[in-house]
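To start, the structure itself, in structure tokens.
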Amino acid sequence: MTPSSAAQRSLIDTVKAAKKSSDAQQPYRELGLADNEYARIKEILGRRPTSSELAMYSVMWSEHCSYKSSKVHLKQFGDKVPVEAKDILLVGMGENAGVVDIGDGWAVTFKIESHNHPSYVEPHQGAATGVGGIVRDILTMGARPVAVMDSLRFGPANAPDTARVLPGVVSGVGGYGNCLGLPNIGGEVAFDSTYLGNPLVNALCVGVLRTDEIKLAKADGPGSKVVLFGARTGGDGIGGASVLASASFEAQGKTKRPAVQVGDPFAEKVLIECCLEIFAADLVTGIQDLGAAGLSCATTELAAAGTGGMAVDLDLAPLRDETLVPEEILMSESQERMMAVVTPKNLSAFMAICEKWDVTATVIGEVNDSGRLTMRWHGEKIVDVPPRTLAHEGPVYQRPIRRPYDQDALNGDHGNGLPRPKTGEKLRSTALKLIASPNLADKSWITDQYDRYVLGNTVLAQPEDAGMVRVTDERWRAEHDGEDSTLGLALATDGNGRYTRLDPYAGAQLALAEAYRNVATTGARPLAVTNCLNFGSPEDPAVMWQFSEAVRGIADGCQQLGIPVTGGNVSFYNQTGTSPILPTPVLGVLGLIDDVTRRTPMAFDQDGHQLYLLGDTRDEFGGSEWAYVMHGFLGGKPPAVDLDREKLLADVLINASRDGLVDAAHDLSDGGLFVALAESCLRGTTGVRVIVPDDVDPFVFLFSESAGRAIVAVPRTEEVRFTDMCTARRLPATRIGVLDVLESAIEVQGQFRLPLAELRTAWASTLPDLFG
Amino acid sequence: MTFPGSLDDRDALRAVRLAGAEPVPLWHGEKWLSDVVAVVLPGGFSYGDYLRAGAIARFSPAMQSVIDGAKNGMPVLGICNGFQVLCEAHLLPGALIRNDHRKFVCRDQRLRIENAETAWTNQYEAGQEIVVPLKNGEGGYVADPATLDALEADGRVVARYLGDNPNGSYRAIAGITNEAGNVVGLMPHPEHAVEELTGPSTDGLAFFTSVLQKLVGIPA
Amino acid sequence: MARVVVDVVMKPEILDPQGQAILGALGRLGIEGVRGVRQGKHFELDVDESVSEETLHRLADTLLANPVIEDFSIHR
Amino acid sequence: MARVVVDVVMKPEILDPQGQAILGALGRLGIEGVRGVRQGKHFELDVDESVSEETLHRLADTLLANPVIEDFSIHR
């Protein structure tokens, strides 16, 4: 024993000592626990907690891990599960990630998670470890991760700090995902001043597994071994979970240790392959990744979900830094670690696979039926707790809710006085300015840093409306003469902070509707939802109102659309000082397509195809890109939500894809019709000639953000069938023009003509000019 | 061949299969190459590329056998990370360094096949233009001027980038071969251009049919 | 003109995946007796004599090293 | 146990994109008087006393540096 650890030993707080000195002062407030919470811990234990127990309760009862402010609201996702979706849910909310049945013995698991605060402190590592964390969640379900996506928000594109944060975040997302060999198939990037001191980095991962291979986080069977494997435990991110997530990031910046974790994507890649080999050999009874709250979380959750008891010898945990004390080991957020429960019979096979992959694996404890989680350190008992009280029975708060004082004023000011472009020339310059604005400009400066090809199953990737990957594997090919499957899954993420600020209920539904529409546009049928709820402080009643309205909107919306929420993540305390970010629920929708060769891409490639606009266009500019870019204005109401119309539109798009009636489709969202036309032309090879319908104002026609719309390119030979289908289903379909290979421009007849070369320059140069 | 950290190994297997051959997965830790007749070293980040791309992988037990095989004429194709491994193993001259713009780049890349006589390119025409994905962080090909001149003079530049140089490679070199023409290193990824559905083209397939032609004389 | 060297290494408490990978490879190379490896960055600067210590410090602190995770040393 | 430092730098004739980028950024930082920057790698090894010079040389020459493009120096 080294002298320093001998010295530490005398400082170890044991259960025995805690029993003797129940009134000793403890720094529970500094650890983020409230007076009443500390009192409850004492009541549960019948004594004061040891310092190790205190560390565990503080991280497990933090906002981030316990969902104490959001739980009462999130319950709605379960209560309102649409009936038609109940039987596809193999694993619902509450596990590491939800699992849905996609037929043919396949299942899909997917989830989105935030890593906002760490990405502000150290953009590259923060974003990288965000990707690493969500990938481990998916892996934990027993799935092979098959793709990632990233939804990003930054301060103004030209702000100096954005030049620090954005390139770092992008290299972190790319560096980690690329190194894992996971294609990045989509995401979002948006800029707004409220994100300047608080960027949002939300990462999504999707994995595929067989329905009979689902793994759960539970420690079952007395006598089974608890194995910690992967990276060694170091001092990184100590206190990260509780401190970063339960107090505003600014306030504690100086007093606490920097909670920076450095990711090792190579270690994670090896860990993934190692786990998949272990799963294939069916060697674990339970498994859990180590994320926020590290060992505290893994041990308590496994124990709570299983037989109920576990004994751990903390001395056995392999350390990177031998000076760590038990409290630190329990709170460390070192990356690339997993914990498995393995029967004694399977242990040697398990260890052999770890050895093959050069993964450190150590038995640190055993499952028992004592109903207690106990831990020893240097021979002394330092933890003795009922695990459920940490994992499931944390505090639950009904936080005060109040509609923001300025909400009425905000909604009442519709910006009716904002000057609108009236002439063709003015419309043209508006169009150019919008397409070059950072929110609408080409994102390839970012997405070219992401590998979209690896694994060889990417059918669609950014900038398509949804990413799409083929679902196939060696087992399928072995059963089907070496042919790959044609089954595919599609994914899109969307969020709109401005709409949500104007009306959180409608704004959240608009984000849901857009992701749903994006998936359907590619020809896939929407199936399930994940969400990442990025909000300010839950202690601010105005923020809590935004939150509760948004959750209600999502729950109602999912019920109406018939797609269940399978999981997600809540990120509170996104604020600078007391100014919260725009409320930003990000919705991820998963869809399914039987035959990936039938997918509908967005590019305009076919000369002479007829261009149809589906849906209704109204004068809706509340929260629009136009108001933001041209006037810096936010007010009024967001576009109206009509989820029945969204369902109808989706049905038409899916049928059109299946029956081969359309060759290209693109949904309408930020920036309206003009932006969609520009994106489809620039992605493809043709221009378009567009006619403004007689009774419509050209400005509204081109830039309104009415929801429930898409454009499609229909071959002349299919025109009658297509319009008949729309008529029969009562979906408005207006012919608005034709694709023209010779034109090489967007020509809005009677208004203006914009050559594609000029458009491309404006669109493509914005981000490179800003970020190099 | 799979090293710890290989990423495009499954894609290489698929490309070999689509070309009509039987792919055999090899593990870096196994010294024996069993009875394979050609080896593809796939893309990826072997050992995380932490020291230098390919620097650690080249010491794998299996690499010794690949080096021996290559010297005896066995066709070996190194793609991306595999190219880096071949340079580190001194089967090919020069080295690959960080892209000049210091970012990872993923794009559909136009290439010109300069040498259509190697074991891996005999199904192309010299001068043929193809489009295949390119994705790398350390793809800048460098060598001293004498080496570059010799490569040019001997026709050992296999493929060259067209359009903007994506990574700062000297003389826009995308791929090279050894003197015997059996070992080829290529930075772009032909194995990702073998299916209409998932690639920008099917231009990459001919790398894999070339080696079949070379080995068994059956044009696929 | 003076040659200034700046060495940048990860703070000791931060994970160093590079060093770990190298340590792992040594075994295969048959090299024994190496107990630990940390990998950092090494910069060689050519600077005018007029450049002050403060300037060099600022340069290292803002550009060459990321003080959140790295330490640096300057050798003039 | 001894601390050995190995520094690896690109050969002068090989392009050094990182060094160039740093040089470019100096202007934006308002730092003047820096004429040249080259970025290399810095390794800190903890080795047993028994490890010979030859072993260290072999380690640097085969693993830590790629002699095709890099030079190295060993400081014991």
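The letters A, B, C and D name the chains in turn, as written, and every chain counts its residues from 1.
By definition in this document, a contact is a pair of C-beta atoms (placed from the backbone, for glycine too) under 8 Å apart; a residue touches a chain by one contact, two chains touch by 3 or more.
Computed from a predicted structure; not experimentally measured.
Interface comparison, B-D versus B-C: the higher count of C-beta contacts falls to B-D.
Averaging C-alpha coordinates per chain places the centre of subunit B 28 Å away from that of subunit D. Centre-to-centre separation between subunit A and subunit D, using Cα means, comes to 40 Å. Mean C-alpha positions place subunit B and subunit C at a centre distance of 33 Å. With centres set at the average Cα position, the gap from subunit A to subunit C is 36 Å. The set of subunit B residues that touch two or more partner chains comprises 47-48, 50-51, 56, 59.
Shared contact sites, meaning residues of subunit A that touch two or more other chains, fall at 264, 266-267, 358.
For subunit D, residues touching at least two other chains, in rising order: 63-64.
Interchain contacts (touch definition given at top) occur between A-B, A-C, B-C, B-D, C-D. By the touch criterion given at the top, residues 1, 7-9, 19, 22, 25-26, 29, 31-48, 50-51, 55, 58-59, 62-64 of subunit D touch subunit C in their complex. Partner subunit B is touched in their complex by these residues of subunit D: 10, 13-15, 17-18, 21, 63-64, 66, 68-69. Of all the residues in subunit C, the ones that touch subunit B in their complex are 17-18, 21-22, 24-25, 28-29, 39. Subunit A contributes residues 171, 174-175, 178-181, 264-267, 269-270, 273, 356-358, 447-459, 470, 482, 596-597 to its touches with subunit B in the complex. Residues 51-52, 55-56, 59, 87-88, 90, 93-95, 97-102, 140, 142-145, 168 of subunit B touch subunit D in their complex.
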